[in-house]
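The following pair of complexes shares a single chain, chain A, combined with chain B in the former and chain C in the latter.
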Partner chain A sequence: MDLSFYLPGHSVLHKMPTWVKFFLLISFSIAFYAIYDLRVLAFILALAITLVAYVKVPVRRLKAMFLLPLFMVLLFSLFSAFVNDLNAGLLTFFRLTSLVIIAACVTVTTKIEDFMEFVENLLLPLSFIPFIKPKTVSMTLSLTLRFIPEIFKLGMDIKEAQAARGLKSSPIAFIVPLIVLTLKRADDISDAIDARMLD
Partner chain B sequence: MATKDIVFIALFAAIIAALGLLPAIPVVGIPAPITAQTLGVMLAGAILGPKRGALAVLVFLVLVLAGLPLLAGGRGGIEHFIGNSGGFLVGWFFGAYVIGFILKNFISDTQVNIRAHFIIFIACFLGGICVVYLPGILWIARNTGSSFVDVYLGSLVFVPGDLLKAIVAMLVTVAVRRVYPIALK
Partner chain C sequence: MGQNPVLDFSGVDLVRNDQPVLHDINLTSSEHRIGVIGANGSGKSSFARLLNGLLQPTNGVAKILGHDVSLAQKEVRRRVGFVFQNPDNQIVYPVVSEDIELGLKGLKIPKDQRKEKVGEILSRFNLLHLRDRSVHMLSGGEKQMIALSSVLIMQPKMIVFDEPTTLLDLRNRNAVASTIMGLEQYVVLVTHDLELLADFDRVLVFEEGRIAVDDTPKAAISWYKKKMAL
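Right after this comes the complex of A and B.
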């Protein structure tokens, strides 16, 4: 199971530190809402599209990443155009499309490990709060990553077992064993972690 | 936090992610297809309790933010927090907390009678729908420059599906309490 959108490459975005990328993205998302000139916003959108070409996102990826978010943006722009006016709809469309495109470029150029490290560093000043230990946080995140494919497989097994007994799929009969079987393992896992004294 | 709490949080975050990998179910008479993911958010609060439930949602959201395709339909990345669904994603965190908070304070951890059914449903309705929609609607209103009321009326199409989820969440929570009761934290 491929669990990452990261695309290896050598662009400036790939080399930029993760925190700079996130800082810029947040600045953009504030700044774009201060712009009301449609020509400026159209120019920004053109720049954002150039960025996609520059990062060299393959077309197959582009479709998977953009189709749904852009469809939603379009839907909401139309909504805005209807309840307000055409100008408001266009403002929404330009701002959100540019932001979604730039954010997607951040996503494809940031490795998951780099992002985790960024989160850990972000939490460092908060480590005086008892349960926010950066080590604990990264352990929790990797534990989750480790178990997603496993729980998905467990779900498939449960479905298969129910189909074999001729049962129709019912969400309750599916989710209850999924949760119970998963949570029952918590004892073993936490014993294993304690035995290795990760605390 | 004991190691077991951390493991519960991590496993439930993984359950929320795994539920998002299931295909969305179209239901007759309801305009929006139903994904099991928001069900997972309701269950996190109802089964683990306020703190662990909200933290499980937070862990899940951090992984989405990191760019993992874990949102229903294989989506992920920071663009979903900036786009129109952003407010709802933030609402999930508070929703899970409110659900856990209500359950922890109004019923005992093993109670499964009619009253428990009722309280769990009310908690899922208040936390999983009202609390989740509030930042969601505010965010869309800000993004589109529309009034709160317009967006509120527009988002009503999702409420029947979410009500159905609150009922499923109630039944699942009671069933899990019967076989594997967990002290809410």
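Right after this comes the complex of A and C.
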């Protein structure tokens, strides 16, 4: 389970400042919804696919990144076609697929560190609000990305240990040790953050 | 080696969760490498945490490199790095280079210099190929070396290791061991791996929260082995 999708490279997108990439992404999101011509949207989708080829995303990574989002897009499009008409369904499909692809290109060309810096800068004007600390927010996001795979692994270990003891699968027998171990882990991580002076 | 002793403990007691953990620890040391051994629950990990200011004495005074851990926590942490048993708890960013660089951000070092330093430290341990890798995809040994790199990049004067080889296979254990032996910093190593301590300057044996033996590695380990033999 890999939540870090960054791919090292030297493309224009890699070199582009993070805020520009996100500004463009948001602008495209708005602009696509102002376009109703299927031919134009199909052309944009073709451009988006070209962009994926340009940033050289490996096929294995493509599958991991696109399978679930494209499935969701397909569901939304079918729903739209069912509720409205085929044209509306196709519009939804072209718009969302292009956006998913462009967003994925932004993801694979942006280091998490740069993204966190972007989040910090974005929140800076709000830092006068007592409970909004930009550094803490970016650290929390990083920790989430870092430890979701670890907690997933912890869950797998618990399942395996219970299976080895011949226990039937039970949600409580799974969740309780997972919560206890995760809290213990959080305590250790908090010690490490203190030790590294990251607080 | 400086004017102040590296470790200067005077009548240190420590109570955690209403349980006494360390009793009347008195210790002065300026040795380069000190080993700490003892049975589980003997207080050695708590002792290690005192050295970095993660814990403060309940009574007594603990000075590290001339700084009182109770009064100058930040000063102590800036000078004392800590390597935990499980590197998975120590590495907080998802990508190797980003995690190593993290500590430098707090020191307000410009980005290009930070990158340069990360490159240097990774090259030193032949880990440059891991620079952009996801942390959770690394082996245990690689993770421990990354954890150590993230400590070393802060240029501490002393590094405390809390059982750094416990989770490692023999090859990785040897790699970490030779790295520890090559460090120019003061080293305090808490371990159950007695072979690691053969070339250390001094070994402390903890027993029920007290320093039971404070001697050369040979004498201390021999005492400990006899004590542990049933």
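Brief remarks follow.
We adopt the following convention: the second predicted complex is superposed on the first by the 156 of 199 C-alpha atoms of A that agree within 3 Å, B and C clash if a C-alpha of one lies under 4 Å from a C-alpha of the other, contacts with A are read in each partner's own complex, and residues count from 1 in each chain.
FYI, contacts are C-beta pairs under 8 Å (C-beta built on N, C-alpha and C of every residue); 3 or more make two chains touch, one makes a residue touch a chain.
Note that the coordinates shown come from a computational prediction; the quantities given were computed from them, not determined experimentally.
Touch criterion met: A:Leu145 reaches chain B and chain C at once.
In the superposition on chain A, A:Ile172 makes contact with chain B only, while chain C stays out of contact range.
In the superposition on chain A, the chain among chain B and chain C reaching more residues of chain A is B.
When the two structures are aligned on the shared chain, A:Tyr6 is found in touch with chain B and with chain C. In the superposed model, A:Asp194 lies in contact with both chain B and chain C.
In the superposition on chain A, A:Tyr54 makes contact with neither chain B nor chain C. By the touch criterion stated above, A:Arg185 is placed in contact with chain B and with chain C alike. On chain A, the surface patch touched by chain B in one complex and by chain C in the other comprises residues 3-4, 6, 112, 139, 143, 145, 150, 185, 189, 193-194, 198. The part of chain C that touches chain A in the complex is made up of residues 49, 52, 54, 74, 77-78, 81-82, 84, 86, 88-95, 97-98, 101-103, 106, 132, 134-137, 150-151, 154.
Across the complex, chain A meets chain B through its residues 3-6, 22, 25, 29, 64-65, 68-69, 72-73, 76-77, 79-80, 83-84, 88, 91-92, 95-96, 99-101, 103-104, 106-108, 110, 112, 115-116, 119, 130-131, 136, 139-141, 143-145, 147-148, 150-152, 155, 171-172, 175-176, 178-180, 182-187, 189-190, 193-194, 198-199. Residues of chain B touching chain A in their complex: 1-4, 6-15, 17-19, 21-22, 25, 36, 39, 43, 47, 59-60, 62-63, 65-70, 73-85, 140, 143-147, 150, 154, 168, 171-172, 175-176, 179-180, 182.
Interface residues of chain A, counted against chain C in their complex, comprise 1-4, 6, 8, 111-113, 139, 142-143, 145-146, 149-150, 153, 185, 188-189, 191-198.
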